[in-house]
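There are two complexes below, and they share chain A, which is joined by chain B in the first and by chain C in the second.
Right, the complex of A and B next:
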């Protein structure tokens, strides 16, 4: 398992007039080497959720376990004492005590996270990552990350070259300024900057926003290739075709809670008209056929060919 | 030539004077037709749109709108014929309320004030926005904003309306709203020539003709059913066909020939 959320709550600006609860009792596991899509409306807590995975945000309550190390709301030992007190406190409800016991269990089994190590293991590609480029040359920009995490200059440059090669940027670009590249190229350089740190978990926050369909397809193929090389991918997206075509698991967020965790095919098979998602056209079409009384098993169908075969089979039996 | 709304003769255009993004394109678009233009970024479709709207001037060749050359001399004569709906609904608002916004174009044309209100109300109702006339545009959804923009364009009585990726930034509901509105506009006024520039092949199926741009040239042109039956030719430039054609193709590969011309017919045909 790569990531585990246990009873995580998060409140923005606590004890201020802007106090806002964004996550409620999140319990969630994300497998190693999975490709997990996170979907839900704007404001459902998707971005808040992913920022917990590399400790950009700390839980207000609860723990996040990333690669067998724990992210806690306050210092590890202090949080342990707080939980032990909660269990003994007569004013707390049985439910609160049970949660504290669960969390204590986790704390007794794992060690606290180390910020630098965590940040190199979990790479986040934010929306419009091209705005984060800053160095004079492409090669310098991409090698900045590994340098920052303690690699020698030579190691960093080798890692940068490898990462650039992965995203399809060749050596003629190395000495160019990142600012004179096209939008799509900039984005690939920015992604190489994350890959150069060799993360084991890669988080992508709407990485294809603003790209045309072909560039978007190429970008998704790149991430799928990275996933196949053994990196855990967590993708925040609104594009249901991406969910369908690339992900192995889907997390549906709603109002700061995990509404369900499932597989894309199950999601599209029984979550018809729901407003969190707009079905890919093929799935909408199949749901309409089912509504007409066609006994189609939608969760068994991947594409138009499967549909044609399934219908042929059904008609043959009739 | 009376029935030709837009005519291009050997038109080329380049932004940098070296590489032509539109290469020697000639075509006629008949009056009253609904044309969809598809292609990838860099295919030339957006440049084509800018050329016919008079926002760019061809490097070579000639463009005529209703037989008038689209040049500096005639542009002010041609402009009232042309309505444009742009991609980003937020960049098109001028008025403080929906009503003011629709009025803006009319005021510009010195339309008499006392006749303006009924006209605004008529066009607002055509786009389904009657109840929101006194709302601020900022509080509307993306689809509603585009509908207001369309009402403003319609109120000017253009003969040609170009939708330049007008649905690209909208959610599925908003896209659907606009496409339904386009259908309605066609029924209401058969003389109106409509051109949509789009990424989304699903939107092109109800059009009279589809024009596919690739590398600055017209790659394919024809009725939707003729263009989309050549799936391999489209896929070779990495465009896909709409769902209707993909389903028909898949059924054909298992030996079932389907005749339907729309998704609704298709459901009926597959499972009566």
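Right, the complex of A and C next:
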């Protein structure tokens, strides 16, 4: 298990006029070496969810288990004491005690997280990552991450070169200022900055927003390649085609809750577009066919070829 | 750094929110000057500041501002006050001061302690007054008020409107830049930057990694904004009407009279050297006698 959420609640600026609940009782497991897509409307809690994975946000209640270490709302021992008290407290409902018991189970089996280590293991590419560039040269900027995690200068530069090579930025760019690059190049340099940290979990928050279709496709191919090398990928996206083509699992968020966790094919076979932003064209077409009385078995069809074959079969029967 | 709530506008519909921003601005200046009144006797000073503080708490109550939030933000002041107290103990000398105690050859007088306390309470009062203004008045209304006050300067061809527009744009950018700061901090923290701890050289690097992208964003944002304004035909020298027209109502008049009454009262107390302190001590003794 790469990531496990247990009874996670999160409230923005608690006890202030701007208080706002963002997550409600999230229970979730994300497997190692999986490609998980997170979808949902704006404000459904996707970004809040992913920021818990590298402890940028601490849960208001509940625990997050990342690579067998635990992220707790307050200091580990204090939280354990708090949970023990909750179980003994007569005023709490049985439900609350059950949750506390569950959490205590988790706490007794794992160790607290170490911030630096966690941050080096979980890389987050935020939306429009080009805004995080700041060094004088591309190479320096990409090696910034590894340097922060205690790599020597040479090691960091080697890692940076490798990462830049991966995103398709060649040597001629190394000594240029990141600010004079084009938008797409900046994006790739920023992503290289995360890849150079060699994370075991890579989180991508709409990495293709604002890119042209071809660069977007190339970018997704790159992430898929990284996934195949054994890195867990969590992708927040609005593009259902990406969900269908690349992800192994999909999490649907709605109003701060996980509505369902399933595989993309199951999701698109079940839904007719009212819950997700839009169906991929293949599934839209199939649903339209079924609606007009065509007896297709959507869950058996995986791609356009299958569909063509199925339709051909139908013709024979008619 | 991420949740600066001191003085942020809190949308509400209280009496203070509905007052004319011009009146609120003038009142702020009057009340701030009242904070600096100083009476000859120590006791009277304390009573005066106490009264001001109570008035302030009532105002905050009416404006639905959480008093707790103020004290939370003032925690940082303690350090400054202790520093100031130490400096004052060594440097501040007046004629009528009493010896409190002595540490070796160094004599501690009461005057510097009072002085430090005055500074503390004045700062507290001024910060809270400003907070009342900014949390009950929309930034845009505030700039309209400032523009109105600068109106006479138009006679000497001072670009009042342009200045006001610059001001309101600057104010508009504060929340944007705060958001952006949060976003960049998140991104850099994910790259291993530690904004809280670390050695001095690491701290410098952390700040650079925040400031450079912030500047870049600020420039991009302002460029976008200027294009957007031009695209909608903004002309700085053109005559403009207002979306929100400021009106001086009856409640504004009464508030103004109240503030003026407070000011006059304080001035009278000051001019006639009124000292409530002995009276209060007598009263206190009287009550104590009653209970015996």
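Simple rule for what comes next: the second predicted complex is superposed on the first by the 311 of 318 C-alpha atoms of A that agree within 3 Å, B and C clash if a C-alpha of one lies under 4 Å from a C-alpha of the other, contacts with A are read in each partner's own complex, and residues count from 1 in each chain.
Criterion: a residue touches a chain if its C-beta (ideal position, glycine included) is under 8 Å from a C-beta of that chain, and two chains touch if they have at least 3 such contacts.
Because the structure is a prediction, the values reported are computed rather than measured.
Once both complexes are superposed on chain A, the partners chain B and chain C fit side by side without clashing.
Looking at the shared chain after the overlay, A:132 reaches chain C, while chain B stays out of its contact range. By the document's definition of touching, of the two partners only chain B reaches A:214; chain C does not. By the document's definition of touching, of the two partners only chain B reaches A:281; chain C does not. Once the two complexes are laid over each other on the shared chain, residue contacts for A:307 go to chain B alone; chain C is not touched.
Taken over all C-alpha pairs, chain B and chain C come no nearer than 5 Å in the superposed arrangement. When both complexes are aligned on chain A by C-alpha atoms, no chain A residue touches chain B in the first and chain C in the second.
If you check the complex, the residues on chain A that touch chain C are 13, 16-18, 51, 54, 56, 115-116, 119-120, 122-124, 126, 129, 131-134, 144-145, 148-149, 179, 193-194, 197.
Listed in rising order, the residues of chain B touching chain A in the complex are 40-41, 171-172, 199, 202, 238, 243, 246-247, 249-251, 253-256, 263, 266-267, 270-271. The touching residues of chain A, counted against chain B in their complex, run 212-215, 217, 278, 281-282, 285, 288-289, 292-294, 303-305, 307-309, 311-312.
Against chain A, the residues of chain C that register as touching in their complex are 3, 5, 10, 66, 69, 180, 183-184, 186-194, 208-209, 212-213, 216-217.
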